[in-house]
Amino acid sequence: MRIGFVGLGAIGMPMAARVAEGGHDLVVWNRTTTRSDALAASHPAIHVAATPRELAVGVEAVITCLSTSADLEAVLAGDEGLLAGMPEGALLVDCTSGDPTASRRIAAQLAGRGIGFADAPVSGGPPLARTGELTVMLGGRDVDVVRAREVVAPFAGTVIHLGEAGAAHAMKSVSNSLLAVNILALAEGLVALAKAGVAPRDAVDVINASSGRSFVSEVLVPQRVLTGSYPPLFRLALLEKDIGIAHELALTAETADPLLAHAREMYRRLRAELGEEADYMEPIRAAEQAAGVELRG
Amino acid sequence: MRIGFVGLGAIGMPMAARVAEGGHDLVVWNRTTTRSDALAASHPAIHVAATPRELAVGVEAVITCLSTSADLEAVLAGDEGLLAGMPEGALLVDCTSGDPTASRRIAAQLAGRGIGFADAPVSGGPPLARTGELTVMLGGRDVDVVRAREVVAPFAGTVIHLGEAGAAHAMKSVSNSLLAVNILALAEGLVALAKAGVAPRDAVDVINASSGRSFVSEVLVPQRVLTGSYPPLFRLALLEKDIGIAHELALTAETADPLLAHAREMYRRLRAELGEEADYMEPIRAAEQAAGVELRG
Amino acid sequence: MRIGFVGLGAIGMPMAARVAEGGHDLVVWNRTTTRSDALAASHPAIHVAATPRELAVGVEAVITCLSTSADLEAVLAGDEGLLAGMPEGALLVDCTSGDPTASRRIAAQLAGRGIGFADAPVSGGPPLARTGELTVMLGGRDVDVVRAREVVAPFAGTVIHLGEAGAAHAMKSVSNSLLAVNILALAEGLVALAKAGVAPRDAVDVINASSGRSFVSEVLVPQRVLTGSYPPLFRLALLEKDIGIAHELALTAETADPLLAHAREMYRRLRAELGEEADYMEPIRAAEQAAGVELRG
Amino acid sequence: MRIGFVGLGAIGMPMAARVAEGGHDLVVWNRTTTRSDALAASHPAIHVAATPRELAVGVEAVITCLSTSADLEAVLAGDEGLLAGMPEGALLVDCTSGDPTASRRIAAQLAGRGIGFADAPVSGGPPLARTGELTVMLGGRDVDVVRAREVVAPFAGTVIHLGEAGAAHAMKSVSNSLLAVNILALAEGLVALAKAGVAPRDAVDVINASSGRSFVSEVLVPQRVLTGSYPPLFRLALLEKDIGIAHELALTAETADPLLAHAREMYRRLRAELGEEADYMEPIRAAEQAAGVELRG
């Protein structure tokens, strides 16, 4: 299958490599060409397109893996945009952690041109992308999702069809919001305990033996906080975007979400204070600094 | 060792049984005598005391397992209270999920009479109490904690000494607060997704394959929410108390805790709305009802 | 001047009467015809149109006074909508407490047809509408605002031009949000004091002699709460909409608004609990009931 | 009457001067002696005591005007404390913006020694203290309040008896919380509007012609924000304390206060960020800086 891949970020890169290694005929485009050139250097069969339009000509499917749905809309539009090149009958598989409202709008726009759409955000991070074991959430019409399953197969471990277009983006925003809430709650709890004299390692061990445990306490805090390494892996700005999407989901669904709404405002402030490049675990370091303690152990 | 045990609630009962089965000479007292009589019926070696004072005469240690530190202070005081009977040199091991400030006050009061104190809240619930595998957090002076380890051994799997008197109660309040936050966040996220058409079971599966997972999403929601069983196991009122204690901890430590403070106010409202007997998972059912959806699957 | 007036609600009715009494040639339309018929009965010179389109034919200006910008968009659209009848060169003066984003969209749409637009929300309520002393906020291009001043003159005491299209709606949403915040804060403070034994009348007198005073404490609470009258005057649902608009304003401006965001979530919950028809002072009565006190005196 | 006065802060100073000018025999004590010496220099009839104990000997009443109830408890205690000198039958009139729980505890302690107590926080600031027109809130037993009225008469315009000991402190904390909430809400609303292009002076004018108006919008913002003067008049740290007291009041009364609880956490953060010496209007300046706008006009 001829597939286009747009967006070679930290996770897009290994996903694209998996697609190429899966025997597909792959064309890639990335805003900064150093990344597309690097990928092509290691995978000679990959073609690098000069523009999204050029990438789209003749493909059966395009995979997009961008920061936001607004980025996707920008890549679709214009004389050199994807839409100028995508043939009727093609499929857009959007692996961006996007916005369900935008996704429904895009799906309708594409449907008007005879192009299919599936939102397909992923979970698992670059390591599972490399091994082809990502969890892929799918939203869209059955007819599109059937084809999307084939497209994502090279990098997918588990694939779940969650509903109409946008449903997978809604799902991903909630999942990331739960992550976001646990980061804040652990930051607050651990610094208070540290100031009260409880060793951070002991606190984490107790939490992980109790009903308060989470992926954040079991994996992220031991690997990144207790070691003090705080590697920059995923931008806080994107997590702030995700929790904003989850809040919009609740507004649209007319359901109460006082905790998520509150956490979202906290992330808005953290994003403004820590900046666009800050890592998503930085709120814990900021809490350490505000309290004058270090969560090491 | 002669040990007194006060407070035969859902978890106190199997803990006391383990102590008796561990070869100690056990005297018990409970406010409602049906529970102490029932325990004695199944363990003939256990003595039932008529009052806390009577229980305390001649013991080496007393274990208390009550709802709140205020309950402990009530049991200690008065002509028929524990303090009227406890001999100098004895040890009070408080397994209540108590308040660190109260615990420090009690420790100081007992120290004035030559009685030791350790706060010793537990994690793991009745099933692990029965098998003697509870996690026991300990707070107190080294000299008291050494003795407390021996006292809790019959029901303890893991024992961690976290700091001075009150440190273990602080720890437990934070751990339960993390539990509390995950309950609220999952309630909000799952009902919004359900109204957006995502099947609850799919949503939970995705969360549990992602960085948003927690004990609540992995264990409690599948067992109690997706099944619709909602068994009454742990009172919401006690969880509200715990998150209140965690907030006081942050106030005392002068650390920021905007998320926990917010969650605490949400629990205050939920307690007022759902009542003193409501189970701690009821906020999820209340969210279902407010949204007009059922999280089953 | 021939003027159309759409929306004869509690405040639209006296505003329209002022316009007619000001010597203009007035055509009115209202979704429920009983109100337009009643107005025409008392003001024989007023014409009642059968549809928005019919109303719009030949006017120099149309005044709209609806619940939401979505209502305005509905009235504009369709074969029998305003846009089907409004002549090029006419002016739309929107007195709705609307949404700045929608207003900018509507202004652009009208500009494309050579029709001017000014957002013109009002403050002062039906009594000042009757006496022609409303405060009118104006947003729009200078050329439109000059004409809008003439249109609103019959019911305006003070007129302030605040900026481009949408600026007046932004202003109104913030002003109403301050109202909303004071209602909640007084509800919480007064019931806590009442339960602590402070007489509500004394509490209000002290607040009004202090730096805590507000329009709510000086006017609304004495007139409606201390008397227990709670007349239904302005729907809570509309105030919830307004604080939602103010929050969107802060999101768009990328400014922090943690207090307003929180109050907005409180109003979302109150709207869900108290219903679409509840008056905006009902949160105080709900607080009385939850606390088991009455704020009378 | 022989009266002692402890606490010559910004408002205590003119209050003490009024008492002396009212014909009473006045003894003063202040932690930093420069202020007591300055007062005595301008009022030769005033005696300066070396210690609280010395001040208290032979008085009929002592007025205290301190930062917190904890300060009062510190001044009462010890060999050179007030309690060591106050005669049986004397009256303590506490003008501190204190804590009702502490006040009840102090009242009970004093009652045990035959000394009366009234909490008597004031409203109106130094200007009204100078002219003897403060509003004085009184809490205490009738027998004490009758005498307290006479004691506060030299600086009181309006005197209101609100309930038992602590009631006046409760009242004052709520009144200041309403002030605190309006400061935050105006900060958020005005910077969002300014970024949307609305001139701050226009925004304030509209608010003050609407139901969103408050003492903050009518007096404080025009005098201190629109002018950019931000004079240091009242410490944010004390306002944070007050809203903390109001929140404790709600906790004790078991009433819901989600808005005040939230505002309290915001003030905790602001106090930590802006410091102990920051003025209570600084949150507005901080909001200006975060948004990159100036609210002048």
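For the reader, a short list of remarks on this structure follows.
As written, the chain order gives the labels A, B, C and D, with residue 1 at the start of each chain.
By definition in this document, a residue touches a chain if its C-beta (ideal position, glycine included) is under 8 Å from a C-beta of that chain, and two chains touch if they have at least 3 such contacts.
None of these values were measured; they are calculated from a predicted model.
Rounded to a multiple of 5, the C-alpha superposition of chain C onto chain D involves a rotation of 180 degrees. Distance from chain C peaks, on a Cα-centroid basis, for B.
Each chain gets one centre point, the mean of its Cα atoms, and the points for chain C and chain D are 38 Å apart.
Chain A and chain D have CA centres that are 51 Å apart. For the pair chain B and chain D, the distance between C-alpha centroids works out to 41 Å. Residue positions 254, 256-258, 262, 266, 272, 290 of chain B are each in touch with at least two other chains. For chain A in complex with chain B, the touching residues are 100, 123-124, 135, 137, 158, 160, 162-164, 166-167, 170-171, 174-179, 181-182, 184-186, 188-193, 195-199, 202-203, 205-207, 209-217, 219-220, 246, 249-250, 252-260, 262-263, 266, 287, 290-291. Those residues of chain D that touch chain B in the shared complex are 254, 256-258, 261-262, 264-266, 268-269, 272.
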